[in-house]
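Presented sequentially are two complexes of chain A, the first with chain B as partner and the second with chain C.
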Partner chain A sequence: MSQEKLLEVKNLKQYFKTGRHSIVKAVDGITFDIKKGETFGLVGESGCGKSTTGRTIIRLYDATDGEVLFNGEDVHNKKSKTDLKKFNRKMQMIFQDPYASLNPRMTVKEIISEGLDIHGLVKDDKERTARVRELLETVGLNKEHANRYPHEFSGGQRQRIGIARALAVEPEFIIADEPISALDVSIQAQVVNLMKELQKEHGLTYLFIAHDLSMVKYISDRIGVMYFGKMVELAGSDELYKNPIHPYTKSLLSAIPLPDPDYERSRKRIAYDPATHDTSEEPEFREIRPDHWVLCTTKEFEQYKADLENK
Partner chain B sequence: MEKILEVKDLKVTFDTYGGSVQAVRGVNFDLRKGETLAIVGESGSGKSVTTKALMGLIPNPPGRIESGEILFDGKDLTKLKDKEMSKIRGRDISMIFQDPMTSLNPTMKVGNQIMEGLIKHQKMGKAKAKERAIELLELVGIPNPKERIEQYPHQFSGGMRQRVVIAIALACNPKILLADEPTTALDVTIQAQILELMKDLQQKTDASIIFITHDLGVVANVADRVAVMYAGKIVEIGTVDDIFYNPKHPYTWGLLGSMPTLDSGEDQLIAIPGTPPDLIHPPVGDAFAPRNPYVMKIDTEMEPPMFKVSDTHYAATWLLHEDAPKVEPPAAVKRRMQGFAKTGELAEEFIEKGDES
Partner chain C sequence: MAKDNEKLSKDLFQPIELSAEKSEELTRPELSFWKDAWIRLRKNKAAILGLIFLVIIFFMAFVGPHMNKYEGTDALYEAKNLPPRVQGLEWMELFDGKHAWYVQGPTSEQAIEKGLSVFKVEDEHVRVTVVSEGNESTGELAEVELYIDEYATRGLEDRYYWFGADAMGRDLWTRVWEGTQISLYIGILAAAIDMIIGVIYGGVSAYYGGRVDNYMQRFIEVLVGIPNLVVVILMIIVLDPGLMAITLALTITGWTGMARIVRGQVLKLKNQEFVLAAKTLGSNDKRILGKHLVPNVTGIIVINTMFTIPGAIFFESFLSFIGLGLQPPFASLGTLIDQAFDSYQIYPFMLLFPSLIISTLMIGFNMLADGLRDALDPKMRD
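Coming up: the complex of A and B.
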């Protein structure tokens, strides 16, 4: 993992109008960056804005405010078609529901090769077939699968097709929005292992969005915790689990049930009460330790720091 | 402990155009008073069908209970007529469904949905049933129950809706509660609340719970005993400690190995290769054989019986036969078992913090 930034998100905001006078601030000013070759995990409860963040980064939504820089270029200001096309090739997405994200009327070959054709990566059908077969093998499917339809596959296999489709255009960056939460436990491990292998082979960078904290811990190098549209804590994955600072992170970690009966018998859940925060000023995202950021006020910052030292 | 329910050699089949799907292929277990039995397994392993059979909710056609007995209260539930079954359902045995978004009637006030069972089974008057409904909502931790019973499901959040579903299930003080993935659709923090609530209510009512889930973390949290299902059969059953600290079946090893723990330094998860078998044509011999890294010749020829590991612990794998080679669980699974001690330390940390707050 290099220190070079691949993606920079600066003060990103995404508001949705829900009525004439009400707006939902799904993402409310978050800032982070993703380094080349790393896996950045984004966790939080449903409705915290983690999926919206992913979808805004890849321009499925137009950002309300803020900047997204990919390789130093502003993604959301691109206007011309050719610029957009170039960008779309570099950033791909894997979706949550492998049943809804594949067109049931298209064969696997058509699904995977759509991107190849749009970006003119293959000259003729022979080349197209060869490339599709190669991709199918990369994700652990057979070349015979190319002419079948999505309904003929199991959930895990469909997710592999989704991954093959994302890989087809040779992207640098993949946003995986809850890629395994619809799959069975044993199949989840297969897909996660596949994603890890592909990352090694192709030097991919991932934004991994999930609510399953133990899986996120396993796959991510760094993790951002979101709560109500704000990022409340960001740290390396080991550091975050060892030294959670923000009360919400603590509460979230204490809620994960682990496959260990002894641990479960003694686990105590910590409830999060937003009312305990210091409200004397607007909280800011501050670096409490190298590469460990927390959303807090000046007062809280001092207190968190003291807590960390006394540990 | 006193047995409250006995399931003997239960077989359930669904007739489809492609052939008969043998969803449950001979399941045996019993449920004791006041205990929580967790049934784990992948989708399609027959865990939901088993509980639906207990409730008499197998749609016929296409489904039918081919053979077997479900003994409850001296009666075989498989032999009961619809009318008799509907007296038991909701009163003695009730169910919490997976998705609180779809298991409530959107056009009925929450209060009326809770009162329905009370009026039908306990012959309560309306006013009394309403009182009880308010009590129940209070019991499951919903604030302002008096106002809340006049509201509709869409005015509740997911976690609150699941509390309502639990209140409905508890309304008639059932002896057995079937919970089919009751927390799968919920966030971890809400899941933790619901699990705590269920454990708390179980202590108060002494009900027995059958808890279906595929999340082994949840199993470790709620279960007294665990049954692991694969391809329509129970392949391993034992106390929660038997299953997590001394698993014997290679499928259980696979399940445990495929879940990450919070320890650092894991390089790879052990995925179970392949996919579950087609239950229209179940394989000859051990159904897990094609995915089993320790497969032996006999696995493809004969189905393994339940071998006894201890008084509480049984597993169906030929590896436990005295003539079988002694195999150890994969190193990563073993390390995980030892690694669990480490997460124990993590637990202490949380206990300390828990006391502070």
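Coming up: the complex of A and C.
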């Protein structure tokens, strides 16, 4: 894996106004970068801002503050239509709900070829049909499915149509917003494996948003843990699982069930209590080990370091 | 347990061949949205009946006026108020071209004599029945029924007015179907204009949201707040009463219902993931509205339009009935009913036919629209 940064997110903030005086800080100053060719997992509980982060990066929302650099270019300052179009081709998204993410009134061919038409990637209908069939085969569907409507497919098949739609414009970077959480466990593996294969074949970079930790560990190279709009810990996936430092990460990891009755009987959930934190100063994101970052205050930093060494 | 004794031998089972290719196969036939809806509509008997009513009325509206030799504007003084007469159906009281008159007099003989002289009718064209003998001592009058063959009396035996003739001697059959044509025209035109304005207005209002939506909705509320009839009357006073004025008057406030429905639907749809997906692909607003949002509201638009048409027809008839509608020589079902209403106790047939047609039209549209609602509702999809 190269060390070249594909995406840099710097102090990204996304606030929503919910009333005249109330503001929801969905994403509150997060910083991370994603290297070319890697899969970056983003985990956290429901409502912690994972999806909002993904949607802000791809410009579905206008960021309140902060920068998103893609290949060194600021995404959110792009104004001209051609620049935007170029950016739209490079970054794509796979959505959570396979039932809501496909327009029920369009055929599979129309759905997949939409990007082709917007970006003028095909000259005529013959070429369009050929490309759609090729994409359908890439994601493991029959090419005869092109004229069907989405409601005729199962959840897994629909999700693969969604993947084919994203792939149609040949993106470099794909944001997968909980792509498997609405699927059966048996189908989850199918979709994740397909994504892994595609990554190898097309050299894709993923931002994989999920709350299923076992699946995130399986697919990700590095994982970021979010809690209430803030990134609390960021490390390589093995490192994070072996040496979780932040109490919230520990709590999350302790919640993973295993299909092993003996283990399950003795498994203890570690409850996370935000009140245990040191409040003497604003916590900062610090590197506790090479490539292992934690949100903590100076005091906590010393304590975490000591804990790590005593392990 | 009895079940345990039933040993199932292995050869009763057959393994299903499972291949990767087969597992992705779809067995349902390919169906487009409209084909699917049609299959479901066909199952609905009431809707099909409504559709048949409408087809017949539409057909008659265009073919009917040419089925006999009379023009809708041909006035024949001698033929005024002639009752309906149909070749071959003369045995039916309704279509025998005869009219029953009731005459009162001190005695039945006097009543008959009075009647015959008033109607100037020859004996051979009239059948006289005594309804009640008078009673001189109590002063009760006698009543007789003169059943007069109007066509023969007026020397018009070669003419057949299928629905009768109106007070100016014009053929009602032709006028009724021409009126149906005009009523349908007004209804469909008003519904179409409502639809176009309503869909665009509602779609834009919901899609852009925020302040735009706020102002656009307040504007609708102002329009809705003014009583409809007042607007219509003002419109008709300002414009010359006629086809265009009525259509305009109907649409000036009529589109608000459609706009509100479309807005509600688009609001619901615009944050769906397929719209977000289109945005990330770089679709512009026009494409998202036209290709993603509006097609998903089509069902509701069609249903609402189908309910608007009979509403517009009815409102036009209502306007005509209160004298704000079409001006002569044009006739719509409403003006025909209005004219017939003047003498409906004497000539009920004049009121019967246009009312029957307008009722059938309303019922037909409503039954069909009801069926369409079931057929186009995606939640009914199996």
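Following the convention adopted for this analysis, the second predicted complex is superposed on the first by the 311 of 311 C-alpha atoms of A that agree within 3 Å, B and C clash if a C-alpha of one lies under 4 Å from a C-alpha of the other, contacts with A are read in each partner's own complex, and residues count from 1 in each chain.
The rule is simple: contacts are C-beta pairs under 8 Å (C-beta built on N, C-alpha and C of every residue); 3 or more make two chains touch, one makes a residue touch a chain.
Owing to the predicted nature of the structure, the values given are computational and were not obtained by experimental measurement.
In the superposed pair of complexes, A:Ile163 makes contact with neither chain B nor chain C. Legend: residue contacts after superposition of the two complexes on their common chain; A:Val185 is shown touching chain B, with no touch to chain C. Once the two complexes are laid over each other on the shared chain, residue contacts for A:Tyr272 go to chain B alone; chain C is not touched. In the superposed pair of complexes, A:Ser214 makes contact with chain B only, with no contact to chain C. When both complexes are overlaid on chain A, the residue A:Leu258 reaches chain B alone and has no touch with chain C.
In the superposition on chain A, A:Asn193 contacts chain B only, with no contact to chain C. In the superposition on chain A, A:Val139 contacts neither chain B nor chain C. Residues 157 of chain A lie in contact with chain B in one complex and with chain C in the other.
Of all the residues in chain C, the ones that touch chain A in their complex are 21, 24-26, 28, 30-33, 272-274, 276-283, 287, 291-292, 295-296, 298, 378, 381. Against chain B, the residues of chain A that register as touching in their complex are 45-46, 154, 156-157, 184-190, 192-193, 196, 211, 213-215, 217-218, 237-238, 241, 250-264, 266-272.
Interface residues of chain A facing chain C in the complex, by the touch rule stated above, are 55, 58-60, 84-85, 88-89, 91-93, 95-97, 100-106, 114-115, 118-119, 140-142, 145, 147-149, 151-153, 157, 162, 165, 169. Against chain A, the residues of chain B that register as touching in their complex are 42-43, 158, 187-192, 195-196, 214-221, 223, 240-241, 244-245, 254-262, 264, 266, 268-273, 275, 340, 343-344, 346-348, 350-351, 353-355, 357.
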